[in-house]
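Next come two complexes built around chain A: one with chain B, the other with chain C.
Up next is the complex of A and B:
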């Protein structure tokens, strides 16, 4: 199908509700568009159609046509006659054709749904009270809708392996498995790591890993997400929290410039898990396992929680901000090292501060590694493009700050403001660090913070609002999931506080920052934080930014521009 | 051979001195038809098969010519021919006679068919339990190759065709054509969903594929010989050609018999051809087409109106032996496996046996068959082991009703039809069993006293 061609929509009917869809849409999606849920287990919008759970069976009607002429047959009142097929059809494998009709609540459909529901439960352990999936289990949900409420099954249930470790992060309970094959298809079709499969047959069929292999690819936890029952659980999240207690916050994964959309689940200020959030333009419904671990940095041991001035911890963050600002005043030769992990708003304020302080050099620490072609791109900074758009930098960043090294060696720089970046990791030697005064704003202790005159504790991505610009130049926002742990304020307040010391009064409120950005930056014209939709906003960057040779190769929903493809 | 038999497929089989080597076959005029067929156009041969009206002998009885006409020749992909030799339906043993005793007839039929559908590669998917059959076919293929009846540039005509024998690993589901294709591709034999995976368009390796039964392919040879129209004169309209019936169970002369379509009745087959029942026994029931078909009770009467509008009223013995003749009973002639049961048969035990088979053979892909077939087996196992409950009779029916028509392949029907028909037709026996057992149990309330240990 050609995506460029705008497709004609056709009319189909779901429970007599008219709905217009592109031809070939499957009837589960068509029904969803009509606001009707067709229950299903094995169907997943981003995987191939298996048609094995049989839960989505519906009654199917075709518009009757004259065999000879091909003209529609009409009844006495001039309405299209419908030929109802006596056998039920699975909605997932039924493609929309003009005039096609399904009944999802007829006696036949209902009897199919109830029959399948009963069958799925006969060998299911029904251990919801100790099952992690309870509360977000499709089997539970549909059992409420289509179950009979009691069991007619008096025989012995099948016994299958329990607590099988499929890999380091995924635990399998085969008795709970309903053999929908979603995880198998995911491994084949998305992760390209065909390690899962079924052995034995009939009701004794068992999901298992290929002998001698493990489900250990970096996308293994997606199988847990798509498992409609409690068969696959995350070893990290298992037994930690009931899902109905969890508060869900929309966020963005900071692992790379793909900008995977996520949901951060927390309770009482503690994050329990990160799961992907569907965005058909960015990450579909997937995310890498590594990105799910990032919440652990919030409570990491080396987390910076208090301001430090001259090696003394202080509760007086305001005082520390003043100290830091004082270090930037007067005849100082200052360099500003920003971060591709900071939000657009922070980069904007950081740039403003650099201008006020008369910085001789501003830089960003680049992080380029091999991309996996799926959801981790080569650029491991989530927001280099933000720094470009806000003007913090004009060139793509390098991993080593060689300009800064030279400047320190030539004594052209004597003060460095490091924003959440470890200078020693960016190539600055110990001798060079010893020669400069350092102000460090950041979330965790490192070599640089240890040598800083002033350390200001900042917030992690989970503790603040903000936005990133991903590799597609898509502006995506993340929201605060948990209260900040650090004693200080969130990053915008720190930056606004320092600006105030220079006599520049800016509001740290995110809407106010955006008001100023949309006024001063052409790319952000007419955009406000509240106006960014949950699936992001595609920006139109100036041409000199488009022409830069970005390091990203192809990944899901992203192809680099042609001339960039030749660059490794 | 019985007077009424007309042996076309089985003509040489079991005749004195007829071996399964190529020399014997050539002495009996073997491969002459293949040589002639090579002189004709493939579409002519396809037309002959269509005109013959031959219906598939694997079980569904779908007209083979029509099946071939669905082939997607426009796709530009290679066309494959697959011979379904996974004869696994309980009560059926016709294909193995052909494979073991007259393999060259099958190979000749396949070559003609492959030529007709322009397939350069053909496979024989043979049941894992036929190891000797596979060896015999391998040898026969080598013999045919040595005479250049198959291989490259056959007999100088420029047509090349290769046949490979592929052994199954022992699964009934591999007889389902899309399951067979998956297995042939080296995967688990999970039947494919239809739509979209109709073999004639998206078959083996997603290429147009024809899967035909052994007997059907043998018939193609004879259609090519006598011409479609001539072949269509054998048997009744819509039931052309001969059919091999496999009779087993409580008859004196079980075996395989070949008749023209509609040449005799079920009664004649049982009493005349097969020598009737054992002394002192009475006929109780007949399964007309392999164990998955609906059972018929001996004293049933089948009334209705046929296609011509004539009323009929048949006793079991009057049923005419062919596809349509059996279909009036509400059951089907399936793969031609007729199982006869006399009055010593316990219907609960018989059904428990059948259900155990289908539970064992369910592939486990789709829910109704996977869970339903095992549930039925567990109930019936319990019933036949002294733990029947009165409510089990209705439960059996209710569970079985939730399976057919709702599964990916026909194994759903195969698992459910026996249960539905046994319970409907021998309900008294099921109830009596439950009542007797309940009375015999010590707790007296009819409940299950001790769980039966299920295997």
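Up next is the complex of A and C:
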């Protein structure tokens, strides 16, 4: 942070602890900065302030000034007096002002928090044993901190609709709802699909969809994430696994070049769900529903698990790698088709292999579709920029490999190495495919793998470490969540194995690949895999890459570069 | 320093062995007429005390509902990781649909179980009890993996103090006056 910005900070006091924050900071955030948690339900850092749960009530004080002169009033010891407001105020709707003080643990604040907690639990069903939220439930957490441990409520609890399907992916249990309105505000403010609202009054207030509408937008599952209790649950994850069994791994969504930060939750090598991870520079705390389904590809039926040589499955992956390398040696006219879905490291090794094999043509398959302006960009490849930086390609990829088609027709190419890309989907016809020898490295069966001489099984993004470069030229890393299903072969091992057949010895270990990349690629200078922070690292791409006309439109935290305007 | 124990020489009477033989006969005769302390196991079975920790079992409530809702707390707490639960959803047309959740399958590996009773202690639904079965035998390792059916059969029905879910259903049927 530079000096100008430091000047702007003001001092506030949380439980007599001094914190320096920018003016206007929410007092819940200021307290968090001081390491003090103010309990809250309705407040969410990325949504507007509603102030309806009343859980964050604190005592509030301002430094006293003389009304006539505006001068500070001092006490006997020369300190400025503090005027404490006699009634509690909610911290979430209080902005930081110079000298403002809050007490979060005073008798008054404590009795407020305990009172609100008791009221919230009055009509809550307390069915934690069957509730999916148990284990990550704010109500459970604050009930242990501020609850009284037994109930004084002898009347009957409210009866509200249960098991209501709000949309194809979201299930609502109204009895558990504490009416914080986070989901309502999310639909209005972020998803821009205003379908949720409250009906009825008082203790009968019920969350519902507007008549004739459904919560079916592609961001609906974010309401499940932000629901502080178990009222909104995901139909996909419902009753599958308790959260305390899940191992959480940081990953990156491969849906588009936005590079949404995610958490992959798995147990014993089986992935159960994907949830967004907060990154204020990329995706805030949101994620598209379609990206959450991608874990299903790991156990898809058409998953490639064994090497195939001449349409015979083999357990000898090393032999298959040798077979593939032999096909590339000699007087071959080879084309290398890489993937924008591979990691930077794989693209680097793939490029190295292409150079060794003397490839006549290297290409990438482009995937451009309409972006939604939020978290799905027009470029559906997560890592086209990685291929540009590593030099695998020099221009933006096309969806159809017309160069390769021409070359095959003119018999300038007789061997194609396809890396996780289906050539027939990229516009190569059956006759053209029949003319060439194909080596396929990939995760799933497709038309190309069916026609390949050698098929090598690769890992999905959940089964390996690596990094992607997103649309902002932000280098982001993903970590292995589950053990690889495909014969213990990591992509980097396959590529390093093929390179070894050409007499080039490279270590497939990710740190060693990075050591080599930081030496040879200017953009990656002084970067190592371990040095990439969990929120990513903004790269400074060379100017010829900056000037390319990328297909992405604007999205959350990304504005496409204007013509002749510099990228900020 | 070594201590030398002085041994008294046996008296004349002791040398005849008669007092010792008579003493032994007395004990034998006493036990011939005393009540038996052993059991003719396995024909006769011992009385198992109420709080005995035998094989963990799943129980039903008096209305025949499987009490387990597959919250998986016992799976979590189990020190030797003997328990494995596959949770499932109760279909909406079922009579107990309001309970929503039940185990699709439940497995306790009795070769792993250490009879500690933590599962019984942690269960929020009072669905798992270590009862009086103490003898577990089998011919293969698979036989020692007790699945849901076997556990329910061993558990039987236990009296219920709360009828928590029945009360819940009654309240829902009554509804609240709007």
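Simple rule for what comes next: the second predicted complex is superposed on the first by the 555 of 568 C-alpha atoms of A that agree within 3 Å, B and C clash if a C-alpha of one lies under 4 Å from a C-alpha of the other, contacts with A are read in each partner's own complex, and residues count from 1 in each chain.
Methods note: contacts are C-beta pairs under 8 Å (C-beta built on N, C-alpha and C of every residue); 3 or more make two chains touch, one makes a residue touch a chain.
Keep in mind that what you see is a predicted model, and the values were worked out from it rather than measured.
Visitor: With the two structures laid over each other on chain A, which partner does A:71 touch: chain B (first), chain C (second), both, or neither?
Guide: Touch status of A:71: no partner.
Visitor: Can A:198 be said to touch chain B (first), chain C (second), both, or neither?
Guide: After superposition on chain A, A:198 lies in contact with chain B alone.
Visitor: Just to be sure I read the superposition right, which of the two partners does A:162 touch: chain B = first, chain C = second, or both, or neither?
Guide: A:162 contacts chain C only, not chain B.
Visitor: Classify the contacts of A:88 with the two partner chains as first (chain B alone), second (chain C alone), both, or neither.
Guide: first
Visitor: Just chain B (first), just chain C (second), both, or neither: which does A:134 touch?
Guide: second
Visitor: For A:49 in the superposed arrangement: first (chain B), second (chain C), both or neither?
Guide: The answer is first: A:49 touches chain B but not chain C.
Visitor: Tell me the contact category for A:301 with respect to chain B and chain C: first, second, both or neither.
Guide: Neither chain B nor chain C is touched by A:301.
Visitor: With both complexes superposed on chain A, which partner does A:57 reach: first (chain B), second (chain C), both or neither?
Guide: first
Visitor: Check whether A:240 is in contact with chain B, with chain C, with both or with neither, and answer first, second, both or neither.
Guide: After superposition on chain A, A:240 lies in contact with chain C alone.
Visitor: Compare chain B and chain C by how many residues of chain A each one touches, and report the one with more.
Guide: Partner with more touched residues of chain A: B.
Visitor: Common interface residues of chain A with chain B and chain C?
Guide: On chain A, the residues that contact chain B in one structure and chain C in the other are 156, 158, 200, 204.
Visitor: Which of the residues in chain A come into contact with chain C in the complex?
Guide: The contact residues of chain A facing chain C are 125, 128-130, 134, 156-159, 162-163, 200, 204, 238-242, 244-245.
Visitor: Which positions of chain C touch chain A when the two form their complex?
Guide: Result: residues 69-73, 75-76, 87-89, 92, 98-101, 124-125, 168, 171-172, 174-176, 178 of chain C touch chain A.
Visitor: Could you list, by residue number, the parts of chain A that touch chain B in their complex?
Guide: Of all residues in chain A, those touching chain B are 49-55, 57, 86-88, 90, 93, 111-112, 115-116, 118-120, 122-123, 152-156, 158, 178-179, 197-198, 200-205.
Visitor: Once bound in the complex, which stretches of chain B touch chain A?
Guide: On the chain B side, the touching residues are 171, 173, 188, 190, 193, 195-196, 359-368, 370-375, 378-379, 382, 395, 398-399, 402-403, 405-408, 448, 451, 454.
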